Amino acid sequence: MSDRLREFEDYRHQMNDRIAEIEHLGIKRFFNLDTKTYEDGALDARTKELLGLVASMVLRCNDCIDYHIIQCVDAGWSDEELYDAFNVGLVVGGSIVIPHLRHAVETLDLYRERKK
Amino acid sequence: MSDRLREFEDYRHQMNDRIAEIEHLGIKRFFNLDTKTYEDGALDARTKELLGLVASMVLRCNDCIDYHIIQCVDAGWSDEELYDAFNVGLVVGGSIVIPHLRHAVETLDLYRERKK
Amino acid sequence: MSDRLREFEDYRHQMNDRIAEIEHLGIKRFFNLDTKTYEDGALDARTKELLGLVASMVLRCNDCIDYHIIQCVDAGWSDEELYDAFNVGLVVGGSIVIPHLRHAVETLDLYRERKK
Amino acid sequence: MSDRLREFEDYRHQMNDRIAEIEHLGIKRFFNLDTKTYEDGALDARTKELLGLVASMVLRCNDCIDYHIIQCVDAGWSDEELYDAFNVGLVVGGSIVIPHLRHAVETLDLYRERKK
Amino acid sequence: MSDRLREFEDYRHQMNDRIAEIEHLGIKRFFNLDTKTYEDGALDARTKELLGLVASMVLRCNDCIDYHIIQCVDAGWSDEELYDAFNVGLVVGGSIVIPHLRHAVETLDLYRERKK
Amino acid sequence: MSDRLREFEDYRHQMNDRIAEIEHLGIKRFFNLDTKTYEDGALDARTKELLGLVASMVLRCNDCIDYHIIQCVDAGWSDEELYDAFNVGLVVGGSIVIPHLRHAVETLDLYRERKK
């Protein structure tokens, strides 16, 4: 099961490298804009990552959830705080979010295990 | 192919158990509420499962579709009735639902096979 | 407030008439297919209307909700049964459905008032 | 324009009162659960309101956006912080969010004006 | 009815001006990126507007539909071509798109009328 | 990696055959309607495939993306034109589309490789 998270990261890096080879200014700018969105601003970076996580849950995108959980853990959010964020996503998005909550809880466990 | 449904059920149970360990009242309450939603009320349980199935199709969640198909078959809905429900989901949700219709038809076949 | 439902019905009829003037076979066929979807089949018409209602709630389309509530009331579903269907839509779709639940409850009240 | 926000609040209160009259345990429980979701927990209430706001933006629900902006302003978030949250919603959800960004900026202006 | 389109354009311009006053680099960059997306590139501008129109239909955003219809008409697409695009949106997105098809057909009629 | 696309095509054909066995007029008609949607009309078939591709991206359906990329390549769209279409999908749909952009770029590479 632990490989699941590593596979996602490897695939993500490999395809981001591939996309970086594409000569398309609009796509490059979007990726830049996306990166800058989560940097410190009026809100600090860690708060923005939490916003990105909940947005990913209600839009039900497992890859986006995995990415933001990793960022949130690295930014110092505790499990209890992340469960609270999961709960907001669950209540806003409804039971259709439950399969993504399962995925999110598993990802959080896998990433905590790796960080030990 | 038959393993696909079993794997989903195993993963679902395993992660539901893991989520049950989390001490978060809001998440626990949501799971309780979700369970009670499909119990007999003004509408009977089997009608509610059919509603849950069509909602899952138009929201395009394969795990939710699998769960509700199992419940619908156990509740006694026939293949013809379920095809009619699939059709409502397909027409309301459009061709973007077709990959989930393929999944749903396969799940229904797999589950009927197991129940023999 | 009572005019809100009548305005929707008038606009719906007016624009459906306008769309019927358009010489486009694909659009015509889709409208035919949509109409036939809710006719008696393996499932009866009234069950299909309830499926259409819940699909409309989780996809959060007020016009579709209004249309299916009118059909559901005409098909003989009671308020208690419709509240049960609303509840399935609410739990599957989450709190983002709440504004549409408000709309649905108001529409149901308006239509019951008119039918007196 | 100033009436737009007041009309939403009046309608919201009126319909919430109407829904409270309905004897449906599932619906009542969902509303309770929704209220408790935004109370202080591992995350404080003001952070949760910000999460609710961004979730509402990416799911593109103007009524939900209005509700959470009011809560966020009352919780002490500054305009600059809210613009940062709007930006996360815009980048995650894409240009389809722009009409809701317009609505959100207008709501924020209207509510600041009222609070003077 | 003719005022509906003008009101949208006025509100759109007014709020875009208001948003332009906000000192937020991320939001400004997103608006720039959005504008550039529809300029001539490997695909010409008019094809991109048609893509934007269908994307707006399946995502069910009336304001976005109105904007892209105006652009598409100005770019020289005929009614028959736009009906074909509407049809793709309808079949991909399903009957939940029908209220937005009504809106789109009305907008197209209103804008053709104005251009006479 | 090359097998991923072939597996999708095999599964798609196998399940379409299975669905064709089902005696349900509504489902059959929907599949017919879907096929005809992408035939030459006021818009030519290749433009419609591009519309289908962007609709699939913003609705975030990988199977639909794969299907339309294959059709678009066979219809003669160049990589640069397809990147432009991807970009429209990315900007309209936001960063939540990025995982599907990765998938789309990989599919395009795989299919070009096969066509050599």
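Quick notes
Letters A, B, C, D, E and F name the chains as they come in the text, with residue numbers starting at 1 for each one.
Note that in this section a residue touches a chain if its C-beta (ideal position, glycine included) is under 8 Å from a C-beta of that chain, and two chains touch if they have at least 3 such contacts.
Owing to the predicted nature of the structure, the values given are computational and were not obtained by experimental measurement.
Considering every other chain in turn, the ones in contact with both chain B and chain E prove to be A, C, D, F.
Repeating the A-F interface with over half of its contact pairs identical by residue number, the matching pair from B-C, C-E or B-E is C-E.
If you average the CA atoms of chain B and of chain F, the two centres end up 26 Å from each other.
With centres taken as mean Cα positions, chain F sits 37 Å from chain D. The distance from the centre of chain A to the centre of chain D, with each centre set as the mean of the Cα atoms, comes to 23 Å. Shared interface positions of chain B, i.e. residues touching 2 or more other chains, are given as 26, 30, 33-34, 37, 41, 55-56, 58-59, 80, 83-84, 87, 90-93, 95-96. Chain contact topology: the protein chains form a complete graph, every chain touching every other one. If you check the complex, the residues on chain F that touch chain A are 60, 80, 83-84, 86-87, 90-91, 95-96, 98-99, 101-102, 105-106, 109.
Put simply, chain C touches chain B in their complex at residues 33-34, 37-38, 41-43, 47-48, 50-52, 54-56, 58-59, 64, 78, 80-81, 83-85, 87-89, 91-93.
Those residues of chain F lying in contact with chain D across their complex are 58, 90-97.
Of all the residues in chain F, the ones that touch chain C in their complex are 25-26, 29-30, 33, 36-37, 41. On chain A, the positions that touch chain F within their shared complex are 11-12, 15-16, 18-19, 22, 24, 26-27, 30-31, 34, 37, 55-56, 59, 61, 63-64.
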